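Lettered A, B and C in written order, each chain numbered from 1.
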């Protein structure tokens, strides 16, 4: 009796959220999948051929991957460093934590505006460079003629906006590592770096996994900031999906883009789940 | 003990959320049930304009109006969704010709011939009323207000005009020479176009560039004239500010002096003109070998099918198309009357600049009006994409003109055949789908 | 050596604070700089042109108060729902090995991986039919779908990091599973869960798309401002952006003790 119940328990705990998502998300999702594989009501791959042959498709794929592969590692390293620094802080931890988590509350659109104010021709960056005598006047950094500068602009804005989420997840995880482990390591004379690599990091694996998965999935979803800064010069996958849906009013191709994004995100998730797996029994 | 103490603040926080949700959630819809005409518009969205609509333009209307604004894509979703679900909240929709067109295909508009009949004596030109039929036999919208695109130049650019050029009768060659002179003297590229993600650049190709050089929009898409035109435009682009692909509105780059010479919709340069009327001049877009192409912009008022307050909507349309309301609209927000009405002499200097630019455009000797696309249904966006992609490939990526035009022409052909849209001016009328030669 | 390290350490902390705060200061300058300030060159780091005009106009726009109330309602419901649904799921993921748990993880991530705008039309139609259209509650439901993956995954890693032995010890002392959870596990996890709830609140507060498509009159503040904002002159956009940032900053400040409470546990 008890065993049956405890075997059912996890499913009972999951049931409400599954029911909720099924009603709210899966039904329209299935409609959309069907839509992506049909043309005028007939099953067809036309939407996918249309997507792949589009002018911006290759660029969007390249830009999206470039962005995710640079932004996510930078954010993980930064957030990890910030969390470790925070832990050592003798006083004023709550104020510093508060300041570092402020970007959590900032929407994509506002973040795009913030960085536009800094990076545009007459922005604060150019004003500073001008003050230092490095440039002669307003200079454009965000055009199709300066793709490298443009990419760095988008990168910096993304790192600024979304590192706080990683920080909070990792910081919360760090709190839950029992102090005794570190004390033991210190007793045996381990150097701080060794303690970090051998003890902290492995124990932080569940939090790292969560942070990586969430951040990667969210990074594939980015476009408001990118479009605020890069205009039409830096197409990304989600931006293309929105364009097809909203500007070209072709829901079929938009749905095809959406399916591609989901497939890539799921692929990344599976990789992280596998690479950072921890068995519950091995838990500290 | 310690545990319970720690538990309490967080628990209170969440408890408060649950209570607030449970108490307030169900009460919300009840509060919105007031008798008012919900007027949803894709036009006059910027905050100052929307406030003027509420507090000045619609002020004298006897009933209660809720004026709401929405970006075009969300407008489209909302209109279609309300139709599919069979429950309307919107009684009056105000949008551009091109934004109302897909709603005919989806059956979300109700014919309003009766309202059109009542407004006969207002003097709305027959050509405008015809556009309001959106390719059907019945009146689908009543023209609301009109606008067009103009060029704006900072007065600092005027000394660089090529010798003998009349700013009000420029050609594309002269515009290029002008840009070249400016770049040579200042070292900067100071011509600007709204080619950003939300910019209206496709209208420039369809209403200005193509008609001026080829005398058409669809049929001569890949003609020899079109090839020469793209080569010409690519030459001009050397003097265009590379930030152009991020500009949605030209008023800001104009005010920031990032550009000195710009092309855009009047509503999108209005802020610069009203803020600093003494710094700018307005003039028509350049002319090509076939004339001076220009495209009128028409916004219309339509009544959705099963509108909750159709009578209120009719009354509101009647009110909005009164000459005095129309004049007020022009004076306040810079969109011009569709009815017979004389603008007051005391227009503010910025609005006056707009009026002059529009007037010089419409009354130019070589003016070549390009009508708005009719009959494209929900393919209007993809139609625009054909032109933007062509620009992207030829001008920005430097691909071979002939190859690009041939490839894009086949996409365009597919669109025209799918929608069976007949040609519109300045293309020659066609039987059936407009041909792409 | 030690002094050098301390200097580097504190410089790092200050630099990272500046990294977050300085850009916000710049947008504040833009918001209060008026029309002219936006175009000034070179820009000054100090406030030079100050004007409250843009801010005032925003606060005078009809319906801002009601929109604010709608935003708070939607965010509170989102917070409550996403914890109520997500925390049990997180516990299940952390404590049990069972067939289908990875499938579940994938399912909830799918909601975040799928661009919401693509679902707008089917969702809107469905909401109108059920009568959830144009209500703060309806908006909250969609926002819950967005916040749920956070709630479930973050609480899973929270529960996972609470030693199993503590719970098992409680069983040994005669607690039922539920009692052990309530008395031992929950108090340890609560601060983290509270922090998760705050994210849910913030996610809802900032979400524009669903909020603007699913409502007509009962707009949330973000949706209400942004539809008006999108095509307004730059200084209005800065003002609007700033106006949206402020409540989030205040809210995170108000609950910083909960974020901080996590520290208390580890230091115990």
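Assorted remarks:
The working rule: contacts are C-beta pairs under 8 Å (C-beta built on N, C-alpha and C of every residue); 3 or more make two chains touch, one makes a residue touch a chain.
Everything numeric here is computed off the predicted structure, so don't read it as measured data.
With chains reduced to the mean position of their C-alpha atoms, the one farthest from chain C is B. Summed over C-beta pairs in contact, the chain pair with the top total is A-C.
Averaging C-alpha coordinates per chain places the centre of chain A 35 Å away from that of chain B. For the pair chain A and chain C, the distance between mean C-alpha positions equals 15 Å. In chain B, the residues that touch at least two other chains are 256. Looking at chain A, residues 122, 138, 245-246 sit in touch with two or more other chains. Chain C has residues 39, 41, 81, 84, 120-121, 126, 188, 257 in contact with two or more other chains. Within the complex formed with chain B, the chain A residues making contact are 55, 121-122, 138, 140, 142-145, 227, 230-233, 243, 245-250.
Here chain B touches chain C in the complex through residues 3-4, 6-7, 9-11, 13-14, 16-18, 20-21, 24-26, 28-29, 32, 38, 40, 45-48, 50-51, 54, 66, 68-71, 74, 77-78, 80-82, 84-87, 89-90, 198, 248-249, 251-252, 255-257, 268, 271, 275, going by the rule given at the top. Touching chain B in their complex are the following residues of chain C: 35, 38-39, 41, 57-58, 60-62, 70, 72-73, 76-77, 79-81, 83-84, 120-121, 124-126, 128-129, 131, 133-137, 140, 183-184, 186-188, 190-191, 193-194, 197, 201, 212-213, 216-218, 227-234, 236, 255, 257-258, 261, 264. For chain B in complex with chain A, the residues that touch the partner chain are 72-73, 76, 102, 195-197, 241-243, 245-247, 256, 258, 378-382, 384-385, 389, 392-393, 396. Of all residues in chain C, those touching chain A in their complex are 9, 12-13, 16-17, 19-21, 23-24, 26-27, 30, 39-45, 81, 84-86, 88-89, 91-98, 100-102, 104-115, 117-123, 126, 141-142, 144-145, 148-150, 152-154, 156-158, 160-164, 177, 188, 192, 195, 199, 202, 205-208, 222, 226, 237-238, 241-242, 244-245, 247-249, 251-253, 256-257, 259-260, 262-263, 265-267.
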